[in-house]
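Lettered A, B, C and D in written order, each chain numbered from 1.
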Amino acid sequence: MAGSSYGTIFRITTWGESHGKALGVVVDGCPAGLPLCEEDIQSYLNRRKPGASSIATQRKEDDCVEILSGVFEGRTTGTPISMMVRNTSQISRDYGNIASCYRPGHADYTFDQKYGFRDYRGGGRSSGRETVGRVAAGAVAAKVLSRMGITVQAYTRSIGPIEADLEHFDAKAILCTPTAMPDRAADERAMAYLEGAKKRQDSVGGSMECRVYGLPAGIGDPVFEKLDANLAKAAMSIGAIKAVEIGDGFAVSKRCGSKNNDAFRMENGHVVKSTNHAGGVLGGISDGDMLLVRAHVKPTPSIYLTQSTVNQSGEEVDLSIHGRHDPIIVPRAVVVLECMTAITVLDAMMLNMSARLESLETFYN
Amino acid sequence: MAGSSYGTIFRITTWGESHGKALGVVVDGCPAGLPLCEEDIQSYLNRRKPGASSIATQRKEDDCVEILSGVFEGRTTGTPISMMVRNTSQISRDYGNIASCYRPGHADYTFDQKYGFRDYRGGGRSSGRETVGRVAAGAVAAKVLSRMGITVQAYTRSIGPIEADLEHFDAKAILCTPTAMPDRAADERAMAYLEGAKKRQDSVGGSMECRVYGLPAGIGDPVFEKLDANLAKAAMSIGAIKAVEIGDGFAVSKRCGSKNNDAFRMENGHVVKSTNHAGGVLGGISDGDMLLVRAHVKPTPSIYLTQSTVNQSGEEVDLSIHGRHDPIIVPRAVVVLECMTAITVLDAMMLNMSARLESLETFYN
Amino acid sequence: MAGSSYGTIFRITTWGESHGKALGVVVDGCPAGLPLCEEDIQSYLNRRKPGASSIATQRKEDDCVEILSGVFEGRTTGTPISMMVRNTSQISRDYGNIASCYRPGHADYTFDQKYGFRDYRGGGRSSGRETVGRVAAGAVAAKVLSRMGITVQAYTRSIGPIEADLEHFDAKAILCTPTAMPDRAADERAMAYLEGAKKRQDSVGGSMECRVYGLPAGIGDPVFEKLDANLAKAAMSIGAIKAVEIGDGFAVSKRCGSKNNDAFRMENGHVVKSTNHAGGVLGGISDGDMLLVRAHVKPTPSIYLTQSTVNQSGEEVDLSIHGRHDPIIVPRAVVVLECMTAITVLDAMMLNMSARLESLETFYN
Amino acid sequence: MAGSSYGTIFRITTWGESHGKALGVVVDGCPAGLPLCEEDIQSYLNRRKPGASSIATQRKEDDCVEILSGVFEGRTTGTPISMMVRNTSQISRDYGNIASCYRPGHADYTFDQKYGFRDYRGGGRSSGRETVGRVAAGAVAAKVLSRMGITVQAYTRSIGPIEADLEHFDAKAILCTPTAMPDRAADERAMAYLEGAKKRQDSVGGSMECRVYGLPAGIGDPVFEKLDANLAKAAMSIGAIKAVEIGDGFAVSKRCGSKNNDAFRMENGHVVKSTNHAGGVLGGISDGDMLLVRAHVKPTPSIYLTQSTVNQSGEEVDLSIHGRHDPIIVPRAVVVLECMTAITVLDAMMLNMSARLESLETFYN
């Protein structure tokens, strides 16, 4: 089916394979009048760019974005914004057993079962490069949100056993450490841990979080389109994510109600919560507090260690995956989580504008 | 917005409030020719019915379902199946401070922020009774799936600190223990634990799992409509769920790739996996193994203990919630998770039928 | 597939068959705060009610609507509004050859081809009674529109060769003549014409128009979701409609550009058009002028005259259709066109609120 | 809103403006395994290419398509097919009063009302060039349909007062006459008529038809997603179309039931209709007969004759539109109607595969 679109009013459609000619996205439903240029997009793409550190794949891609439509005289027109990144570093090589083997932890086998065959070059459509389009679109969403005073910020929470210390949250570190942790000391420990994993020819899992500041109360819907349900889908649609939490997440299942409920109180004439176990959502609708999404990411399935698997002919074979792959997915996925969250929140806000009759009346009268 | 529909081809639309006249669902897109009667639905509804044990709300509702359309001479016609349950036990009483106070952990405040006012009787649309429609629809989906040899089974995994022992999985216990655990010994311990919580006028969280047996490989989509992304949304759309895991879930973030990858091997001429850390999904597409979804549920927010909160006039007040409420949500939510999973899987299967050109050619030639 | 829902933000889902237990609709996405009671709906349903005149089927149905959810203390809550009408006049009879024959001009054969069998009682889901749900939903949409000064008005334009004179448009006549024409003289001539058709045991076609007054400029979208494209779909989705025109419609294909273009001019400081050949839409977007939709309706396919057809066993047979059927469809379809137009326009207005960045900024800041 | 996508399973998303860098489309949901190359697409694009005859705009565009994704080793992979055409002939010029004036019959005024400003170069997104993406996508749909023995064929029915003679339907003439009429004599008369219009500095309207051969019975849905309703939307979403007919269309409103009903009879063991007034659809579902859609197209709104209008400052001005524009829209719109019809029919067929339980059982067991 058509599974490459996301969103209802602010809707994105991504396309492209790891080793095809290009990757891109069409952003439809962006409001007219937003100042937008390629640099706005490029700064987001650079955060997921390969080749930037020792833990990112050595594939070199400039990932230069081109805006092909939807912007006129420096502003969005309200019509689709088409953006494209050409692939430049598709090394032409013999894919050999990759073409015929089912790599454990990858989608090779399931693609063949679904489609009958697959583009085996670098994972094709199931490659992490698919997220180029998401990030380009998310950069647009984030810029719209910023106009309403809303900030979306994701970061690495943990790598293997190393946790970032959030008490001394260092927002600047997110953009300048190779791990995207908000904690320089943890970043250093994590880098050492990753070096060990690389030496063992293995890979490592981790977790990341995304915060949304400034979101007003009242966004989201009470039943199937709960804001947290859509955030969970948004996160889980990123490859390799196997678990999603909102607010205190898993911890709530071991807790008593008296400890888990967030008491309401007044502050400067506004209703606020004394705590935020809920992560900013009550009954599927934002409560005015900080949104918090946490995602758990599996280790990179491509490892140099020899693994047992089967090939398309149904033979059991041993496989060692050479080539360019990261020992960890998380640091480069952080900006993807941030972008998917931004898109989800913006779409929910757009859908919310007609929730009250008085809003319609004010708007149109 | 219109947030009460779910699914694309097999699409359900639920309606109704806790203390309104009735609750119901319209199931659209059900294939024609399925034998269906009210008893098929009733047996599912009975699993979520209140009043069945000491840990379920003492509200007595028969929850008798009436099929109003879409079935002719005992079989579905392919047109919408409308099902309704009349509310019979809306105790007419003074809602007093509930009408004006924002109950902590509930959606009272967020509803007011979104809609400007709310149906305060028993939580209105954000009540657990909203799931009546989901369960009626899920019963239909499960019956369709059973025709293709697919079984969906949910159960309580843990209540507070008490975990069910899955090594000696007792499927029969799920339907006959008050906790819906597949482990009678754990059920007894959990019941004792719940009695303690009730005495403390408090409530308790827990977790549940859902398994899908018999799902063929190749179902789901590679990007936004990943099967696991939709399962996560399906689960997270159930009130009070704060975290969702697929397969080994959050454990993967602490693991190495060599331990997390599931090796492929041949068994009786079929490709199988030696382990199932992935929970039956690779790259968003089913791999032929058992699907596993896990959901973490917060403690019932309604507790008898006094809590601090504010009212609609912006005054800080103390609140003690009387009335009928469960000390734990999980046991009655198990069938809801099962039903949401069934609907999600069936819809994905329907959407998958045109994935290959040869399927279209075979179907229409 | 799930084809019984319509609309994106204001979304309706209808259900029910001609001779089933009941018919109904779920209206999702209606803004909160609209005063609404059953009488608001009933007055619309009465306009399509059978048994009201000599040209309407003699089937007697009270079509009493019951609001089951979504309204609290006299106002909509923003959650789904479920409305139901019980069927009371399903005469239990021998459907005999109707059950096995394919009536010409009806959907009997195509239902069997699609679904494998069908509810043959009175046309089942393809009966005109299916529109009960559309009309109940349209009454809600029309009430919302009226709050923004927008009026939707449909009427019969022609019956067979008899055309209403629109120069002396008599709006009151629409609701009190049996033909729903805005012209009492034409109504009388049309009634005489219809009596002749009844005597010949035949049926008659006709046309109807729908006007929308007060719609602001700027509503609709430029590509696939053109306002006129959606109005065309809305109209054509009503059974028996075979052609749809916007503004001057068919006539434009014989015209020169210099005669077809509507000149712009200023009036009281506002941009207006000197003529309205376009019917209120330019490039898919409303231009502030009156919207005009015209629909052409085929003659009732059920006639008393003997017709040639085949039955399910593949035998050629003669068929004479007895029972209760109108000699013309148009007068009772007028309110359906009005309702489908109202729903379409309201949904387009809701979707339009985020078209400009400044609207979002104003709304949320 | 996001109005640039069309279709549910086979879903296309178009982008691009008349004088932007490029135009394109993403085709999502195309079945895997279809042989596809750029030439398949190019042959369709050539049919709508400007500069091909004296009645087509003298703008020269090669409209060379590039396939950017979704095809591997010559076959579609089931993932999005991104296709792009670079604009090469955007003459850089002073748009002068076009930039500030509202051209009669164009979307200039309505774009400004909706979005607050617009890309005024050549009509921007509301230009006929927007259909490049539709045609590229339709070429793919048509190729899939051809694999199931289904042919879609559109042609010009009339230009001004000149009608093609369909009794002696000359299919080859469609592709080689400048008018795209299936009648060489009418083509010559129409060309003479168009020369006259050009001399008068005026433009001309016309009509076109689309036929679908080989469509099996049973495709489409009975209520809102009627096949004819979707075909009407598909057609009306093409710029300048003001009326749509199915089968005998507006003629039915003057007809009696006994003349309009198509009798069923047996032919070689199959149910067939003796006539096809219905145009191949009964109750929204295909009946196995030839589908027939007719669309009426307004005259090109851009004319050299001086017209009265207003500008953005609210001043009344005289306007004469210079530049490159066709005296008639129809001949180049024919392939667009054909493509929109192909997309609509294919999507309906894909959605139909799960209409019966037995189809699901056969597919998955």
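Criterion: contacts are C-beta pairs under 8 Å (C-beta built on N, C-alpha and C of every residue); 3 or more make two chains touch, one makes a residue touch a chain.
Note that the structure is predicted; figures quoted are calculated from it, not measured.
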Partner chains that chain A and chain C have in common: B, D
Contact-richer chain pair [A-D vs B-D]: A-D
Inter-chain centre distance, chain A versus chain B - centres from mean C-alpha coordinates, in Å: 26
Interchain centroid distance [CA atoms averaged], chain C/chain D, Å: 26
Distance from chain D to chain A - Cα centre to Cα centre, in angstrom: 38
Whole-Å gap separating chain B and chain D, where each centre is the average of the chain's CA atoms: 44
Numbers and ranges of chain A residues touching at least 2 other chains: 1, 3-5, 8-10, 14, 29, 32-33, 78-79, 114-116, 125, 216, 222, 351, 354-356, 358
Of all residues in chain D, those that touch chain B in their complex: 8-10, 29, 31-34, 76, 78-79, 144, 147-149, 216, 222, 349-351, 353-361, 363-365
Chain A-touching residues of chain D, taken from the complex the two chains share: 1-5, 7-11, 13-17, 20-24, 26, 28-29, 32-33, 66, 68-70, 72, 75, 77-82, 84, 114-119, 121, 124-125
Touching residues (chain side chain C, partner chain D) in the complex: 1, 3-6, 8, 14, 102, 104-107, 109-111, 113-116, 125-126, 130, 158, 160-161, 197, 200, 202-207, 216-226, 228-230, 232-237, 239, 242-250, 252-258, 260-266, 269, 271, 274, 278-279, 281-288, 296-303, 305, 307-310, 314-316, 351-352, 354-356, 358
